[in-house]
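The first chain written gets the first letter, and so on, giving A, B, C, D, E, F, G and H; residue counts start at 1 in each chain.
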Amino acid sequence: MTYNVYLSGEIHTSWREEIIQGCQDLNLQIEFSSAVTNHEKSDAAGDGLKIQDDNFNRDHQSAKVNALRTKTLINNAHIVIVRFGNKYKQWNAAYDAGYCAAVNKPYITLHDEDIIHALKEVDAGAQAWATTPQQVVDLLNYTLSK
Amino acid sequence: MTYNVYLSGEIHTSWREEIIQGCQDLNLQIEFSSAVTNHEKSDAAGDGLKIQDDNFNRDHQSAKVNALRTKTLINNAHIVIVRFGNKYKQWNAAYDAGYCAAVNKPYITLHDEDIIHALKEVDAGAQAWATTPQQVVDLLNYTLSK
Amino acid sequence: MTYNVYLSGEIHTSWREEIIQGCQDLNLQIEFSSAVTNHEKSDAAGDGLKIQDDNFNRDHQSAKVNALRTKTLINNAHIVIVRFGNKYKQWNAAYDAGYCAAVNKPYITLHDEDIIHALKEVDAGAQAWATTPQQVVDLLNYTLSK
Amino acid sequence: MTYNVYLSGEIHTSWREEIIQGCQDLNLQIEFSSAVTNHEKSDAAGDGLKIQDDNFNRDHQSAKVNALRTKTLINNAHIVIVRFGNKYKQWNAAYDAGYCAAVNKPYITLHDEDIIHALKEVDAGAQAWATTPQQVVDLLNYTLSK
Amino acid sequence: MTYNVYLSGEIHTSWREEIIQGCQDLNLQIEFSSAVTNHEKSDAAGDGLKIQDDNFNRDHQSAKVNALRTKTLINNAHIVIVRFGNKYKQWNAAYDAGYCAAVNKPYITLHDEDIIHALKEVDAGAQAWATTPQQVVDLLNYTLSK
Amino acid sequence: MTYNVYLSGEIHTSWREEIIQGCQDLNLQIEFSSAVTNHEKSDAAGDGLKIQDDNFNRDHQSAKVNALRTKTLINNAHIVIVRFGNKYKQWNAAYDAGYCAAVNKPYITLHDEDIIHALKEVDAGAQAWATTPQQVVDLLNYTLSK
Amino acid sequence: MTYNVYLSGEIHTSWREEIIQGCQDLNLQIEFSSAVTNHEKSDAAGDGLKIQDDNFNRDHQSAKVNALRTKTLINNAHIVIVRFGNKYKQWNAAYDAGYCAAVNKPYITLHDEDIIHALKEVDAGAQAWATTPQQVVDLLNYTLSK
Amino acid sequence: MTYNVYLSGEIHTSWREEIIQGCQDLNLQIEFSSAVTNHEKSDAAGDGLKIQDDNFNRDHQSAKVNALRTKTLINNAHIVIVRFGNKYKQWNAAYDAGYCAAVNKPYITLHDEDIIHALKEVDAGAQAWATTPQQVVDLLNYTLSK
């Protein structure tokens, strides 16, 4: 079987590419997916619909359009990787983790050690906490091993 | 019927008390619940079990114990209020919101305007965004009106 | 056991009162509920939140607030009555019927004969089609009989 | 992955063809489906079964036969487009939207601005409101982008 | 806790009364429920609605009205007793058993030994097969014992 | 998409073959499945396991083995056809229909007119009642039409 | 709210009584439940039904009767305590834990340190691992604290 | 269709290979899967993550990593085989059986006769009890027969 792995969270570093590359190097049979990770495009996802002059309304419209994609892909995933950077709030990543917990879908968190206290509830629902993309690759390699 | 309302998130201001007081003043038939909001007690929730010298393991053990309470209460709630302060990360609040979204349980967010962009995915899944506890009281009053 | 019966749809005639009165006359053990049926109040349900100058945004905000109430009450109901008048579109009533069908919750439709063709899909998912409030009372009386 | 998109609602204009054509022009990997959109055929869907002289009974029989198809296709879809024209009541479209809301399946509404008030509950549960088929194409293109 | 026990099936002998009496004699905290067991009333359940001259249509209308009651009561039950007599077909009892199996609700069958072969699939999904009402009383007594 | 259609019930006439042949003649994209329809083989399904001298225990063991197959295939089906003959009791067919009703899976009944009264609850939950295999073929052809 | 707590597993020591007494001393609002813990009575649970001369068949019949009780009580519980002694295999306790994990119901394990390796999968799905009944009392006290 | 069969439990004998070989000899269309059955690798599954000096914490971390794999594969399986040896406790096998029972997924147990009493609850939820791998092959052959 092909595993579907959804990559949720932080968009400012190359963690997605590193995981995908690492898995390709191992020839793992994985189909990766993500939200649209281009920040401007994502913020403008709903701009083709009703013109919204107000920040909240524009964000609201775009966030709901983005969910068309993310909801479908998360529902379709076997495993979700949830990445938290140190600088940004990434509430959407925690939101995705809660969604996974509710539907019994296994997820792995990926974040540095200095934010473990703030993330303890999110980590408590996870199957694993990794600190590097390579660890995630290793976990996926183990999960898909014969 | 009595409504069960769960109050999730930030523990540094008096928003819980204000909502509860406001609803009591209106004689609304609501049973409120929360996580344990005493920070030290919450962090020590698992300390009576295995002695954990390491920060991650201690947090992990306590977070899972806290979930005994929060999972039960959220599952039992009709409506969840999710509060985000400006200073703290409150990933657990976003996590609760994602959980609610997945099980189709309606929730209201409560936060200031300056964090609407970071919270756009969480707000997109909410039934309402409030900025003051009084607005939440008004929403509950409306929801429970004859 | 007490039955919870939710009354969905048209707000311009006295069908709700007739059903409730008819059941009270028979001492049926039923707790009735509804959306807020005061049109102005319902349209203004979200007005205490963000000020929305635009019609769509105002309606959107109020509709989501109203769903706080209706979602909870429909989920809590054992039986739903869905009323369609001839003049108005009542798409929300059809929406409620579709919701009930998906979660296997039994519902009764209440409407005149001249709109049976337009309502054939909604009626196909219903347990009964009534044309008068008295018929609904009779159905509930039968359903609750010893 | 191939997306399954179900097109629900109004059958008197070419909106289905426009969306399908628009997506084909972009080579989007989408399998579209619909109810039988030939009005006479749809009304006669059950006529090969029991002979029904009465309008209600004939409609009832055909509507249930049509649901064999629509229920299967909606359950199988990742995204549903729900179209409302101005002239007809399309209660079945609202019914499909309610069904989607209940099972957490994302849907997009497609309708003109002059019926936003009547459709506010249906729009409140949607991920997006579009006014033209081209906007729907753009949303699908965004949703399926790499 | 009070147990809700639903009694499904054959209506020509006194098995319901015997079980209820037996449990009352033991002061078991059980609330029993059933379909309407008066045959004429049950067949006429939908007669107050549309006049149906045809046998199938009349039966169809009444059966759907009866389901208003039975669906609610079965969903509400903790345990279901499914009774098959030797003379009648009681397909509705087997239908109820299949419904219970699908939603993981435990049920007990009650029937004579000479129909075990025809009932083997229904018995395979049951928690117990009893041949007398007294055995059912004993099972309930055991189930509710301190 | 390929439809999976499960054929449940009576095994003494050629209705299965007629439906399958009829659909093949129309080149319908359907994968059919069934319980094992060889009566002796089906009764002996569990005989390779524990030796059971007693009729009930042998039937019980075989029925549970058969359910390995039928449960999987019904869960996998989009549409189920439930066939009742006049001579036999086919409680297992009614059981399958109840299972389908509970999980919202559409099914068609296939039986003669003289047993409509006894089957009224089963028919009430069905999408269609057919009296000939050809009618079922026609319904499937309609359901799969472009 | 009153919590329902189900006590699963080992029946040879007084752990149940200690937990119940400890919670009563604290006036915790908990309703406790269990399988029938009298070994002989439990083994004989089905003996009033068909006479089964064979060990497997007798056990099978009794185990299914016991499940009438345990399934209902576990489904009704908010929290489950799963106790493993060192001497016995208590596969039924592990079975209950797996059931809880699948339906997202929180459970606490109670066992000595020398069997942690054999129980690692069961502990991995638990919210907490306790080694003494007093620790369980403390966890429940915390969970129910105001 | 291809069946997915998950092989759970004991890792010290060749039962997995015997079942797989037996099914290959019959050309059955089955995709088999398992947990990682190399004991050392399985125990070390989480060792690449946080260094855990304590036995419980190390086991906990590895068990959760293993669940990434097993949860996905069990959810994906149509049928689960649960094997208990006589020497080891295999609580994880019983845990998997309970999981299957809760989600209505059919499973077969495979164990010797001398442990039937201790396994009676696990066997009660199973579709079949086999004592040899060959019996399992025969059951699968029957299940997949045309």
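Here are some notes:
Quick note on the criterion: a residue touches a chain if its C-beta (ideal position, glycine included) is under 8 Å from a C-beta of that chain, and two chains touch if they have at least 3 such contacts.
Note that the structure is predicted; figures quoted are calculated from it, not measured.
Relative orientation of subunit B and subunit G, expressed as the C-alpha superposition rotation angle, is 90° to the nearest 5. By residue number, the contact pairs of B-G overlap by more than half with those of exactly one pair in E-F, B-H or D-F, and this pair is D-F. One inter-chain figure worth recording: subunit A and subunit G are separated by 37 Å, centre to centre, where each centre is the mean of the chain's CA atoms.
As a whole-number value, the distance joining the C-alpha centres of subunit C and subunit E reads 31 Å. Residues of subunit G in contact with at least two other chains: 50, 56, 64, 67, 102, 104, 129.
Taken in their complex, subunit E has these residues touching subunit C: 4, 31, 36, 41, 45-46, 48-50, 61, 64-65, 67-69, 71-72, 76. Subunit E contributes residues 50, 52, 54, 56-57 to its touches with subunit D in the complex. Those residues of subunit F lying in contact with subunit D across their complex are 1, 3, 78-79, 104, 106, 108, 126-131, 135, 138-139, 142-145.
Within the complex formed with subunit A, the residues of subunit B that make contact are 55-56, 59-60, 62-64, 66-67, 84, 88-103, 113, 115-125, 129.
Residues 102, 104 of subunit D are the ones touching subunit B in the complex.
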